[in-house]
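Working notes for the structure below.
Naming follows writing order (A, B, C, D, E and F), and every chain is counted from residue 1.
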């Protein structure tokens, strides 16, 4: 039923390449099938002004797409003079998801900014971003421990994300572009490694969805995310 | 347990005042307790450029807050030169929710813009906005039928929204500001009058939430929205 | 002669509702006939950077219109990314008028920002704004005295405003939209309660106006403003 | 009494140099004492979109100041990314004043843009701008007649402007910077060559001003403008 | 003498990977040592408005850097709301260089936009960008020929670029970051495959440079570019 | 061969008028034929934030054109909300050129901003700007010495600029607009008074240029700049 021949519960081949670029404290290329995102985590010994003196750190995220990551060229946001609503929405989602993985007080007055830049898009760029950003974040934290600016890791556990949806009447996991653009419902789920929920954002594209459909999608998301967390951990161990 | 003494499932007193201002085709003041939003629906016999000649209409939404709708004054977005990420996120949510209520082909090449402007905020501004905007949209459609620019209503049914959350360990419905700022989880649910889901956006503010907590919140949302749809219909009949 | 049947010197029915919204130190809904403006005064224990350490306070104002306050929808300034020239011109006028009512040194290093947001427009939005903003300002000052951040009121006296014009060859007072759009001359006058002038801005829309016409308009303005100050004082006493 | 030794009614030495730069259809350097403004009028055989097909033309104006036209350097507006409120207010005033001098229907579907750029500021830049812009406008119109794109002049008569104010308790005409910054009241008056009023904008800087003071200022303005119109005409004849 | 041990005339190892991403008509990853740039060429059957109906095509370029391509994170230009002067300068240089390689009339009314996005920076990003963009451009042109929207190639010949400079008193070729930041003079040279000059931009960073130094740098540039053109051609043949 | 009848090596009549406007520490009107630029140098006892405490000063530049300095009116950059790429490129070039003339440590923690505003353009605005800005800079430095904020001049020597190009197959010096728009190659050269190079920016507009052509252009530039430096010095002595 699926264009790729995948089963309804099957995620795409996922690759997580650490140390992808040279300068960032954490740098990951994450691939969910043909979706490719560069995630870099940058450490600053400083916090935003509104957090100064509060004895805690901050984690934030920015998201971008190269103009030709997509089938047709999108206008460069730097040139149009502002980030679009979709970009804003996604980077806020990534940032909230990452903060859920970190004990901000244990981080101390330091800030980590994770940049997620999509170099090729084929659906699921936000869930791939969260998944790769989490690994870059762990690498950045480890570099801080090595450098001595952190005593112990403030990471509370892994966080990962996957998209699920209703496609041709059935719940499927990890939608690629062809599925995404034809799906009746599209839902992004972010979970902890224990399978508890951090973010859930479901949208009926055509028909409204039922409680049963929601449950079916959530079950797929839970299994998919468990698989993805395993891959995150393997990448971090290699 | 709740600051207001409400039961966990109880929504705030809701008032829907139609024809609140004079010029718009639909104009509603919606109040969810102390949250007050002016929703106006404006009709244009025209569609955005990218829809020209496709034989369908469009429904969109914009959201704003008066600078002193909140406890402390927020900077005016018109003066800072851009809409913030939260504003963008909310107006996209309102617009998608409204489009789910409308048969865009039946609307023909016409556009309806719904402006939701919060004049007083006490939690739940986005769900109040969707609820009031839906009524303003119906009024605008009826004015088009009267005027003869529409033959019959393209409205597929009512859409309404409510926030739910986990507060002091329990699921509650329609959070006011005091609850919202202390909630462990905050979820916005948009449903059709048949109780099917259009949008669901849940965020763990502190702890991740469990499947059981999600189900408890959804049950409250379903009942709350059913009550709210009843109020929408009463308002439209009066 | 006038569309409303008013005499040439008659102002529209004016309503001043205090405590219109909950959070601001001063919050007023002012209505000049069908023109309705929400005026909120917000206190900050702080001054703009260029005033720091000079031992005086500041009063400023911002002006906005809801997109559908007018007959056809105007583009939202927050979305277009800048405030238009008309908006800038009006908010500068409001701010200067309010500062004329306040002894800035007696205010100490504190700032009051008055937001005037038009929710329904039918001519005279700037004069209604000044009139309502003055009342909100007094309420804010009184809240500061109650709170103990001010010892005594720095208000030097009331300030109010009205529009006058030449319409069908005759001077009239307090123009509504129908008159405004057909007037040969349009003039906004801001006065103290003693009838002295703070601002006077007259514009020939069609024909240039004579000295005699100016005098006739000023006489109407003086009487109109005297009436409006009486209403401001009644509102403050109630 | 005045820093320059001028009598209260005396305007500064005024110079109007036509054909100051090479490319514009009208190009004037106007000097009011040490205030120097370059005014260029540019003709376009086209009108703004909202005027297309209405059988009339348009006249508009833009105003700017070189960053170091003033005692201390001002930030370049092109670099800060927006025009300030003062700039907007002034260019709207110039544009309205010029349109009062032109029969827009007789202009046909053509547009004239007058740029007023202050190269040295010593008070009264807006009134000098209007005075110089009027001469540049006449030159541009004459070039159109010569070129054959206009049959006869749509100019209804000359328009000129002067500032007046209350300084050390007395009404004076054509304020220079030292006077302007110390004036109790500052008023800009724009009149036709017949002495009728087009714009009048008075602001109490310190104390409110009385009816008598207004009359005294207007009398000075009328005489000052009569002198200035004479100089405009002499410049056009030379 | 050079940090890398390279001879003064030696360029870094250069890699040109075609078809690096999936969607663009031309997509190249170009590496000059540790400098890595993604160059994508996008075809549009359309030209900018000012070229419509003139019977010729257009080639343009945009340049960006991922925020953490550099040693410390740079602010994202999309988020700061404008492209900096350096970005503008570079993308104008790339665009002019590419246009020098194309017969715009032979291209017909079509436009090619080349995006150069630096994912890792180690000096020479603009010369690497031009070199990679040229290959992406050829691929895009070939895809147009295959697709039938071009009959024959409008490419007049290869164009490539290299940086040269004066470092520790000697002329060197293809500066890496360590050399670039310490160089007395920095020059970017763009040449055709015949060794003729298209662009030359030299800047004295510290001391002014002599005619002899200029000649020495140009000689190195000519040889370096000849080597680079060979690599471009090999990449296109593979 | 040249429209003006000049020999290939002949620069246009150059005029340098000091003290052109009243307020700036250095103020120069520079004319290269019909190209006229106002250059003002403004002193601030302060440096940009990133230089604080480093014991050195800063010299920067901004460039602008009056909208009607050119044959047809250009949109005002302040009104369009951003400086174009050409403007950015030019002001960066001017700033680098001026900094090459100054010992920034000897300047101490002070900043000089030079504004170059073109009031009439006929080719070569950037080289005229650099030439005039240098003189304004010297005047500003001298005013600092007089005022006592500098002990001795940090100027290392004069810097001047000229454009050269290939026009009708021959190298020519100091191109006016007619030549510039028809030139095959256009090159801007900035040199010290000793004839060493500070900036060289050459662009092939049509055909690529040869090494011999480059040498011919450089020879003309050297002689032209020597003449221009003489004029700078004469202006400073008068």
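Keep this in mind: a contact is a pair of C-beta atoms (placed from the backbone, for glycine too) under 8 Å apart; a residue touches a chain by one contact, two chains touch by 3 or more.
This structure is a prediction, so every number in the text was calculated from the model and none was measured.
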item: Chain labels contacting chain B and also chain F; value: none
item: Both-way neighbours, i.e. chains that touch chain E and touch chain C; value: none
item: Farthest chain (mean CA position) relative to chain D; value: A
item: Farthest-lying chain, centroid of Cα atoms versus that of chain F; value: B
item: Mean-CA-position distance for chain E and chain D (Å); value: 50
item: Cα-centroid distance, chain D relative to chain F, in whole angstrom; value: 33
item: For chain E paired with chain F, centre-to-centre distance based on mean C-alpha positions, whole Å; value: 28
item: Contacts with two or more other chains, residues of chain E listed in rising order; value: 81-82
item: Order in which chains appear around the ring, chain E first, chain F after it; value: E, F, D, C, B, A
item: Contact set on chain D toward chain F in their complex; value: 21-24, 27, 34, 36, 38, 40, 42, 44, 62, 64, 66-73, 76-79, 81-83, 87, 113, 115, 117, 119-120, 122
item: Interfacial residue positions of chain D with respect to chain C in the complex; value: 82, 84-86, 88-89, 91-92, 96, 100, 187, 191-192, 194, 196-204, 207-211, 214, 218
